[in-house]
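The structures come next, written out as structure tokens.
Each of the next two complexes has subunit A plus one other chain: subunit B in the first, subunit C in the second.
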Partner chain A sequence: MKFDTIIIGGGLAGLTAGISLQQAGIHTAIISSGQNALHFFSGIFESSETCRERLIRLFSTAGIRVQDIPGYHLMPMGTFREAGLSLEDVASFPEKKIAERALIVNFMGFHDFFSSFLAEGLEKEGTACRIRFIRLPEMEHLRQSPSEMRSVNIARVLDECWEKAVADIRVLHKDEDLIILPQVFGLKDASVPEKIASALPAHVVFVGTMPPSVPGIRTQMKLKRRFEVLGGTFLMGDEVTSAALHEGVVSSVTTRNLDSVRLFADHFILASGGYFSKGLVATPNRIVEPLFGLDVFQASDRNQWYRTDFFQDQPYMDFGVRTDTSLHALKDGVPMKNLYAIGSVLGNTRKDDFGTAAGLAVSTAFAVADAIKESQKEQLP
Partner chain B sequence: MKLQEYTASAHNFEECMKCTICTAYCPVVPVNPRYPGPKQAGPDAERLRLKDPYFFNQALKYCLNCKRCEVVCPSGVKVADIIQSARIRYDHTPPKLRDRILANTDFMGKLARPFAPIVNGVTGMNLTKTVLDATLAIDRHRTFPKYSGQSFEGWLKRHAKEQAKYERQVAYFHGCYVNYNNPQLGKDLVKVMNAIGIGVQLLEKEKCCGVALISNGMSKQATKNAEHNIAALRKAVDKGLTVLATSSTCTFTMRDEYPELLKVDNSAVRDSLLLATRYIYQLLASGKATLDFRPDYHARIAYHTPCHLEKLGWGIFSYELLKMIPGVEFTLLDSSCCGIAGTYGFKKENYEASQAIGKPLFDQIRSVNPDVVACDCETCKWQIEMSTGYPVKHPISILAEAIR
Partner chain C sequence: MKNEYDVIIVGGGITGAGTARDCAMRGLRVLLIERHDIAAGATGRNHGLLHSGARYAVTDPESASECIRENQILRNIASHCVDQTEGLFITLPEDDLNYQATFVDSCRNAGIQAEIIDPKEALRLEPSVNPDIIGAVKVPDGSVDPFRLCAANMLDAKLHGAQVLLYTEVTEFIKDGNTIKGVRTYNTQTKRKGAYYASVVVNASGIWGHHVAEMAGVHIGMFPAKGSLLIFAHRVNDVVINRCRKPANADILVPGDTVCIIGTTSDRIPFEACDDLHVEPDEVNLLIEEGAKLAPSLANTRILRAFAGVRPLVSADNDPTGRSISRGTVCLDHEVRDGVGGFVSITGGKLTTYRLMAEEATDLVCRKLHIDKTCETAVTPLPGSEGKSFREVAERIWENPTTIQKATVGRLGSGAARMKDNSVLEQSLICECEEVSVGEINSAIERLDVSSLTDLRRRTRVGMGTCQGELCACRAAGLLVKAHDCVEREREDIRDFMTERWKGMYPIGWGDALREAEYTQWVYKHVLGV
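Our next item is the complex of A and B:
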């Protein structure tokens, strides 16, 4: 089976690259071994100034609204962070005193939304807070097992009955100028948060919960759909088992599901993620990239991998696949001719060039998609 | 020292890091509050069940075994296998009469075939449906698939000589559905294979793959069928034959459920057992065979990927094959469960959940408004036809119509 480009990994980096390529008519397949870190996405793209307009455009074609309003984001633990490019779901405020009085509403038994931390953080900045809980009969079955009171389960219930939650919140609301709710609305339908906001008699904002991230999952579904509508092939739940390499060129890969059917392509993009997604694997003494055996930047002494103070920056998070400046992956010190690496598999090593996390994913995805588009053009007579 | 290999947990359950992604994609969770969800029913409760079987929960029967949890798991945990294995190991409730009737597709087919016109007439009657609903709890909305008066096996035996004339041969695992309900699909496969110069033969003797036996708590009988089928496949494979199947679920069951759930070793035949669309796609794509398509063929086709085909990862072969037909306007439907899950949707207690699960798919089909829905699974076909009114055809049947 032959494609123009094969992308290994179906997360934010893989999908962004896939959509860009497919938009340019480059036939692309994405191989994705299970779901990805978008399911844990805070909704904030760090340091992606270089591709702001492009990102907003690409996401809007997929039906995802991205905003860039200066000020501060309110974080799940009641802290503030300087605002930047983010999903529309993430609230931003011009100053840290976000209201005179805020009503924080949570669902009874939902422990992944930290209303007390939020109140403490907000009160420090001058916003008086009142915390109230609601319970809906539709949610009672979740409460039988405490481990099932999770954001996505709640969101799936609320997709069907969010209006009932709104009615309860109206009863609780007194004179507050702001209502704060957890991000558990609109998993299927992104317009629900907006509808809730217009149905309540105060300004309404939604604040992040512990993973899984409802806006993140919605983003994943919409990007995948967009990629498929453009004609891309998404192989879900499959994984690369071997690769044919010769003189710095990858010619084909095999997968677990398609076994003897080799997948050929002119270009390959490694977007396989970090440790969680097994794009990087830590063995007792070495960190390896398991699919191609690429060079991985790392401290050779295992004791230098981590700091004992858990809250400090951890060096192992910086480790990742080495590339040249145009993101060709290095193997034995030599750049591969048609294999690029993007996103978290690079580690945080490229902070200065490409930023971190989601910002790294999209900016490297755009850079590589452009390089591939260029080289396809050159091949044409 | 192979510490990691030696300490690997059954179905990888210790790899679970409680991320809940499986539950986020489970089709049952939003429609059935009694189902605890794949994470809870699978790896979470497995830890308790290993301590004491007392913790086994009958609510595990609400799992469709659609495997969507496994397809999305980022950690390679075989969530549905954990749940189904627990049902096999701990659930000793004898299956109800209704479940025995629904699960024994092979036996029921044999029984009904000689009286097909009468049986079809009777099962189609509203009175019968009301009685079955009241006495056996088979939902009144369902209609049993029609039985054919002539079995596919009988038909192919009569044509064995013509088929033997082809130099190249494949064996065909037709399954209960083609044999008793829809022999035409088997005949369509023979037509397409003959058109590319390949003869089709039966296995020495096949039995039901057993998928419905597994899901209805009859794993011992399923294991006997599995052992029998593997021996039958072995004989064909030893003769150098590839074995094709048209049912995605039969294929999936024999390739993956036999070793994972029934502990029946299929390693000698697994790689030789393929879905027909995969085999034909590969021949056409590599230029080793060509088909003579009708120039006047035209159809707007929407393809639905059945859950077990999604798990196999082979949907791509079926829809790429359809796209090769000139005159086809193609839409790939979003991957989403139709809700029937074999015998699950026939049970009265599951009817509402079954229809609610399928709703997003039915809505999308109506909005696409195709001439025909294509799908490799017979039970998806019944469900989609009943719930949307659109005709559903197997890709092989569509191919057979589109060639001269």
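Our next item is the complex of A and C:
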């Protein structure tokens, strides 16, 4: 099988690159193991300054709405952070006193939405809060298994019966000017949160829960659909098992599901993520990139990988695949000719040029897509 | 007089808790004072090995015979804390097989049943054991949950009228001439000072007993020996595995609940270091290397965390490792020894022999108070162990117990019957790794003096599983908020809890442990906004 470009990794970086390339008519395949960092996406695009306009355009073609309002985001534990570019799902306010009175509604027995922490955080800033719980018969079957009351399972139920939840909330609502709900609505249909907002007699916002992130998963589904609509090939639940390398050029890869088929391409993009996604693998002595054996920037002494304070930035998060300025991955100190690295597999090695986290994923994806588009143009007669 | 007791016990580890129980059962008015939480020192920082005594049979016969007697007592009185696993002492090709005969003889002299078995039989008994073994001896080792054991003793002491002050430091002894009359205290949570009086004060503070004794004007030459251990994420072995040689580093592998623990190292450390122990990379490497000799699959098993404790040894010689110091009980009457009246220290010993230590200390206290009551702790089951088997207990409470309910009974024993209700809401899981339900957490908050997530962990195992609190800390904090109505404190509590979890994770921060850590650090900081 032959593609123009093969992307390894179907998270935010891989999908953004894939969509950009398909838009330019470059036939692309994405090999995705399934889970990726979008499953625990906060909805906030950290350090997205360099790619802001393009990101908004690309997301809007995929039917994902983003917002960029100055002020503050309300975080799930009732804290605030300065607002930046984010999914429209993220609760954002011009100031920290977000309302006179707020009604916080949770589902009975859903422990992954932190209503009391939210209330305390908001009351500190002058918003009086009242917490109430609702219980829908449609959700009772989830309780049969004690670990099922989790965000995505609840969201699946609510996809079918969110109107009933709204009816219950209407009964609970008194004179509050704001209603706060957990982000468990509109997994399938992104317009649901908006419909809920217009059905209730107060301003409505949705605040995040413990992962999995419902808006994150919805975003991933939408980007994937957009990529496929553009003609891209998405190999879901598959993993690269081997790669053919010769003199700094990757010619093909094989995957677990298509074991006898070699997948050829002119360009390869490594978007395999950080440690969690196994793009980087830490052994007791060193950190490796497992697919191509690329050079990884790291401290050689394991003692230097960590800080003792859990909440400080950790040095291991800075480690990642080394690249040249145009993001060609380095192997044995030499840039690979047709293999690029984007997103979290870079760690924070390219922080100064491309930022971190979601901003890094998107801006490196655009940069590499552009480079591949250029080189395809040059190859035309 | 206000705040007057017969006996004040300083220290809420297993020795203090056991002594409080014994004193209270003999009718004394008891106050126990602990500066942190129960089982916060060496009690909660060891293998959780219920020694048969075999380990000490050759080098320390007195400890060995104490261990086997107490081993058999605990199987009865603390059945819900004990896992009767049996133990193996294996000889590897690099070990001297001649030691085995000496070992078996010494065991028998100490009253420990020790049976030489064929290496093939040993492999059948414990398939994870190194297949290269050239010799094996079966002994009645077991495993014991020290947190549960300590909590059960504390609970029973309270049921017999003892009072317990946690998070309370002894700042000063109240003296009349050369006699101790009581203690002044400071509560680190309420910031309140207090004064409590008693005829006898028992120092049961483990390694910190050195300092407590100094405050009373007495010197005990204690020897802080740090031991580091690793917890593996799977129960690789079902039988305790020891090396059949003189006690050395990393030669015991103990199964406990869903995990297994390898240890220990042994290094003398300064007293100042006892409050902030760190496991060094060299220790981790050594533990893995030696552990894999006992059970080769450990080399490829995920490590959950590293931790260290300090043995409260009493100096006998200048052995820098402390390995040759007796692990026997040291019970000191400071009136006789140092001329300080009303003051007793109980130290040395082991987790396995805590009850005997408590008995000796209580005997001494009673002699001082001229009270003639026999000790009944050896025959009276602890709360949770009065019932029959776990299954019977579970079936008496629930018609068809789920695996979660069985896990609950495993932890609480017959105490599970006191769980408030069985509604689906109470059965919902907070900690998925260890299967701890809402009901069990609420019941611990209600009955077992829980003021923080770490307290809760020691009593329920919340946050001890593979995710190390990533999923359950905020959920459990939500329940604590409900019970205590103090969100601000819980915010701080979550930070402390995750910091404490991280302390045991970064020394083994690679592979899946680092994957978990990356995820957790990202979620707490950037997604939840903790």
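Methods note: the second predicted complex is superposed on the first by the 381 of 381 C-alpha atoms of A that agree within 3 Å, B and C clash if a C-alpha of one lies under 4 Å from a C-alpha of the other, contacts with A are read in each partner's own complex, and residues count from 1 in each chain.
As a convention for this text, a residue touches a chain if its C-beta (ideal position, glycine included) is under 8 Å from a C-beta of that chain, and two chains touch if they have at least 3 such contacts.
Computed from a prediction, not measured in an experiment: that's the story for all the values here.
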Subunit B versus subunit C as contact partner of A:157, first or second or both or neither: first
Subunit A residues touched - subunit C or subunit B, whichever exceeds: C
Which superposed partner A:147 touches (first subunit B, second subunit C, both, neither): both
Contacts of A:199 with subunit B and subunit C, given as first, second, both or neither: neither
Which superposed partner A:276 touches (first subunit B, second subunit C, both, neither): both
Partner chain(s) touched by A:42 [first = subunit B, second = subunit C, both, neither]: second
Partner chain in contact with A:211 - subunit B first, subunit C second, else both or neither: both
Which of subunit B and subunit C A:258 touches, first, second, both or neither: first
Set of subunit A residues, in rising order, touched by both subunit B and subunit C: 40, 147, 211, 276
Of subunit A, residues touching subunit C in the complex: 37, 40-42, 44, 46, 75-81, 108-109, 111-112, 114, 116-117, 119-120, 140, 143-144, 146-147, 149, 208, 210-211, 213, 274-276, 278, 281-284, 302-303, 305-306, 308-311, 314, 316-317, 357
In the complex with subunit B, residue positions of subunit A that touch it: 1, 33-36, 39-40, 141, 145, 147-148, 150, 152-153, 156-157, 159-160, 211-212, 217, 225, 228, 233, 235-238, 255-261, 276-277
Subunit A-touching residues of subunit B, taken from the complex the two chains share: 18-21, 23-25, 29-30, 33-34, 36-37, 39-40, 44, 70-76, 271, 278, 282, 285, 310-314, 316, 332, 334-335
Subunit A partner contacts - residues on subunit C that touch it in the complex: 281, 285, 288, 402, 404, 424-425, 427-430, 432, 437-438, 471, 474-475, 477-479, 481-482, 487-488, 490-491, 495, 498-499, 501-503, 506, 509-511, 514-515, 517-519, 521-530
